[in-house]
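Lettered A, B, C and D in written order, each chain numbered from 1.
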Amino acid sequence: MLMTEHAGKSLLAAHGIAVPRGNLIRKGNQVRSLKQSYPVALKVQVPSGGRGKAGGVLRADDAEQAEAAAGQLLQREFGGERAQTLLVEPWVEHTRELYLGLTVDGQIGGYVILYAPTGGVDVEHQEPHKYAFGSPREFRAHALRELLASAEADDALRERIVVMARRLVFLATAIDAITIEINPLAVLPDGKLLALDAKIVRDEAAAFRQADVAEEIERSRKREPRIVAKALAGNLMMVGLDGEVGLISGGAGMTMAAMDMIADTGLRPACFLDCSSNPTPAGYQLAFEALDADRKVKAILVSIFGGGTHIDRVAKVMNEIMQKRKSRKPVVFRMNGTGRDQADVVMQQAGLQNYPTLESAVDSVVAAVRAG
Amino acid sequence: MLMTEHAGKSLLAAHGIAVPRGNLIRKGNQVRSLKQSYPVALKVQVPSGGRGKAGGVLRADDAEQAEAAAGQLLQREFGGERAQTLLVEPWVEHTRELYLGLTVDGQIGGYVILYAPTGGVDVEHQEPHKYAFGSPREFRAHALRELLASAEADDALRERIVVMARRLVFLATAIDAITIEINPLAVLPDGKLLALDAKIVRDEAAAFRQADVAEEIERSRKREPRIVAKALAGNLMMVGLDGEVGLISGGAGMTMAAMDMIADTGLRPACFLDCSSNPTPAGYQLAFEALDADRKVKAILVSIFGGGTHIDRVAKVMNEIMQKRKSRKPVVFRMNGTGRDQADVVMQQAGLQNYPTLESAVDSVVAAVRAG
Amino acid sequence: MSVLVDASSRVLIYGIAGNFGRFSARDIAAYGTKVVAGVAPGRDTREVEGVPVFQNARSACASTDADVALVYVPAPAALDAVLEVLDAGCKVVVYPGDGLPVQDAVEIRAAARRAGAVLVGPNTPGVISPGKAKLGFMPSFCYTPGALGVISRSGSLSYEAGWRLTSAGLGQTSVIGIGGDPVKGLNAGEAIDLLHADAETEAILYLGEIGGADEYAVARYAERDDAKPTAALIVGASAPPGKQMGHAAALVGSKADTQAAKVEALRISGVHVAANLRALVDAAQAALRQRETITT
Amino acid sequence: MSVLVDASSRVLIYGIAGNFGRFSARDIAAYGTKVVAGVAPGRDTREVEGVPVFQNARSACASTDADVALVYVPAPAALDAVLEVLDAGCKVVVYPGDGLPVQDAVEIRAAARRAGAVLVGPNTPGVISPGKAKLGFMPSFCYTPGALGVISRSGSLSYEAGWRLTSAGLGQTSVIGIGGDPVKGLNAGEAIDLLHADAETEAILYLGEIGGADEYAVARYAERDDAKPTAALIVGASAPPGKQMGHAAALVGSKADTQAAKVEALRISGVHVAANLRALVDAAQAALRQRETITT
């Protein structure tokens, strides 16, 4: 869950990391009511990278310029999205721009601190220095300091970075953040550090103990198209895609494998819909409702290789759903896994064909789309 | 820093612990504008214990009762303080009241979980069961579960308590809480738990990484009498007392020892003023300003036994302050410790007497008060 | 030989009184696994499927000498349950549950290492050593004993792959589900080390996907002079960038995350990469044949 | 003998380039303490008061065999600095700073125990073994060698007490400032254990205050059959309830926190309790006399 810059900066400030004092506006003319000394920076609040390069940050030297800039920014799209809000901040004079981040590294199975002595929009051109410490309790300021000895020549600055890195470790555990990226981290003329931008990714799995994450999941779900929102609300994992073949699947790996196989035929999947988090009658019902209502979807492939999901139970549910279902879109089944012998019996009795392989099922659903 | 019930409950809710949905009001008639189903509980928001017993919680069955109750509560004092706000919550039916808490135990040098199977206003009559685990990383649900086996007969409830205790451990580290007390913790008819009250004490030393604690320190300072507020703002440790002898001191132990010695003479100290956190010219200047302005204070005792504080430097500062000072209140000095030989020279040159013992200095200041 | 679990492993099922626990107790015992104890805190269940049930892992291990744990609890309770079985002395722990906060995953991974134990999971079907023992809920009929060591980030894909291999007569030494989360107990590199050390494993099949860096650990292994022949299938070629594909780690954020980049790295390192699921068995066979070439 | 520190201790001063560090380097060396190294991260200082200065504790310890650390850093940096000197192998660590978050105090206390080290502090002037060595910033002239082991929660009170004892000819084996915070490295019970084991310490003087439970640990000690004679002074009789008196732990919240309750518990346990500061030397003398009675 990527937070907006403003939300991220609020979290930094709440934990003792200095940020510019900013205000959010929704309309250009709100600029004039802000108590703000000029020049200011106006920054679109969209959750996508490369905003600076795309012109999403503008400088204004007075209220008139600011209102014009705000109007302009609110009308454009960034990363395929139009910003709902702008962040208005003092334009801060600074002597250097650094990059400081914390993220999770799968290979070491824990956290790492990232540092680059030159931050800003072009940070991708350099490989940041990496201090991998794993568990928060294993963070050692002296180990980071030694690493920075070769990365940062300014002794006093290095000490400030070490202090801020420790603060990031505390923050990451307190708010269940899996990425905190401060870029640029500005060095002010007096040597102090100021976070000019903030990209914080929260761990959605921690929603049970972080109410604000739960609320943000709810809000972001509501921003999805109605069908996707409904599936997500039903605890199904759904990603809307642009194709013709609706895919009801179980498990991330097999869902992707089926998508890839569909794509290999020249058709495209209409969605990534993984029912494994809610393999219940209500869950599958919802999945069919979503795909039946989607006009782009011409036929549906049900592809499940169940382990923890017992496919004999799924087969019974499919039978019930098929009997009540009104849509005439063709449905092709390929189900295998735990309970497959009983599942075959159920399917046979219901007069439903269960394809033996994913290949045959994909061929069948592709033929149905092409015929439809 | 004890938080109000409402602030404490907000923190619980933010970390996945269920609390009643409440609203704050400042005036009795605001009750009517709340979207609230009756009956409700009205609860004064003051940071002191025994509120329930003192009548600070009232039940109202309709808006009229609620407005009357609110008016009544806002006019009374609780623990010497008048509440600025009331918390209005649904009156929750429940089957049991438990006590669950987390606090810091100096003897084990870490955290403990406290549990009593009967919570509510009379919890003091029982000794809670105590699970001492020390460092958060050493918390073990199974160890707590074993302890609860003899304390709580309801198996399913015990499991819910274990889950909530783990949540409290997470919360304590995330927000730097040194005490979290949920009393009563209600058991609802469906077996779920609901925190009906919350007492959270935050660690003031963590203000550098907890901005809300820093803000609350600032707010509570402003609620103090002007003199105390000014001293606290200057990083002096000041507790206003009701006596006649102003005490400028260094170090908690010697400040208390001097207070005790003054009290033994039958007089009373006017304050606990410990300058050891800010032993600078500005700090001492502020201390004198505070005591000179306080009409109750008849004479001032400067009692410092310096270790890290070099008293030769303090002596120079005292000399400067005495030369500029306009107040005629008698000042008695007793300074010893690091740099005492040079200090004696400075004092002698300045014509100031430095008493050799605390006894002689206290006798002298007491005589001055009695003569004044 | 096999890795992590074999017919002599004494297995404890934590959360045995729940649906998954009860099914697994029956299912893995039917496969020949020695299920010696169950734990069901806060329940007065004394026995499930003939297995004695205890209030905590310590008494379960003390009474039954259990040394391997299969943990079925919801994510918010996982940290505590895994710490408990580690404290009780279990040296192999499988946690299949999904939705575990990364912070808790980091914690249990570190705790397992401190305890000198191996943690498999989260978000995995578990581990099976065909013909010997099974620690998880993968469908048993998909597997048969043989010479191929399999590692998979995805549960469902590992069943499909197992079924294809078994149907084609390619048996397995062990199939290890490392799971689809970014932070896991056993990761790809560590799982490969186990298979590398296993004398019966003649070739390795790795089932990967977009996102994360596990695939690059596989590539690094394949570059070793003493590497066993390795095959791989990487799914997610059709996944759009910036969208999370089911698994927390399955997201294309950078070029290195893409299926194409991973396939290229693996190919360069000499891995037999299956272009897609259809080509899986052929790739595995190529790896096994390579072994024959080496040994003869 | 002495506890924690003696003339053979090889002391490292962390933060030696700051005001406190420089003063201490001169002051404790003048007292005869072997200051062998300083650490000043991020400064290009090479030497302070003739002591070589290093960038980190590891290289300082490796080059100088330092085994004891005196750490002068502000509270937000304390956790990291203490972990660093522990990692570097120091077995006695004094952290005098105040304002340390309780959570960090818990952490460094636990880290010290894991490392088999003794941590003194936070919020303490340190430890002195008169005539041998000094680890902190207490005024040297207040102390003289002798038979009394002293423990104090308050720095200033320990100077005053030392000065009174020394003036009265009652010397000390060691004076340990355990500090005024609720969570500390060495607490009263643990400090007493050290003095109990020290052959030269004939009697113990404890300087306590309101709040916390250290005084009850002293009372429990005094009840032991083999306890050394113990004297005590507890300040804060005049402190109003509910107000924090300087130290984070000095607050009367319950009856057990009051000076009166603590004095009573100590008296019942056979401790010679001084009614006030005026009576301190008499109480200490009574404890020493009791020892003479026992030994003769």
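The rule we apply is simple: a contact is a pair of C-beta atoms (placed from the backbone, for glycine too) under 8 Å apart; a residue touches a chain by one contact, two chains touch by 3 or more.
As the structure is a computational prediction, the values presented were derived from the model and not from experiment.
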Moving step by step through touching chains, the smallest count that connects chain A to chain D is 1
Which pair wins on C-beta contacts, B-C or B-D? B-D
Measuring between Cα centroids, what's the chain most distant from chain B? C
Separation of the C-alpha centres, chain C versus chain D, in whole Å, is 53
How many angstrom between the C-alpha centroids of chain C and chain A? 26
Please list all residues of chain D that touch 2 or more other chains. 76, 107
So which stretches of chain B touch two or more other chains? 137, 173, 208-209
Classify the inter-chain contact topology: is it line, ring, star, complete, or other? other
Which two-chain combinations qualify as touching? A-B, A-C, A-D, B-C, B-D
The residues of chain A that touch chain C in their complex are 104-107, 109-111, 134-138, 172-173, 176, 178, 203-206, 208-209, 237, 239, 241, 249-257, 259-264, 268-269, 272, 274, 276-277, 304-308, 336-338, 340, 358-359
Of all residues in chain B, which touch chain A in the complex? 13-16, 137, 167, 170, 173-175, 208-212
In their complex, what parts of chain A are in touch with chain D? 137, 140-142, 145-146, 149, 155-156, 158-159, 162-163, 166
Which bits of chain C are touching chain A when the two form their complex? 20, 75-76, 96, 98-103, 105-107, 109-110, 125, 136-139, 141-142, 152-160, 163, 180, 182-185, 187, 189, 207, 209-210, 212-214, 217, 235-240, 243-250, 276-278
For the complex, give me every residue of chain C touching chain B. 41-44, 55-58, 76-77, 79-81, 83-84, 87, 107
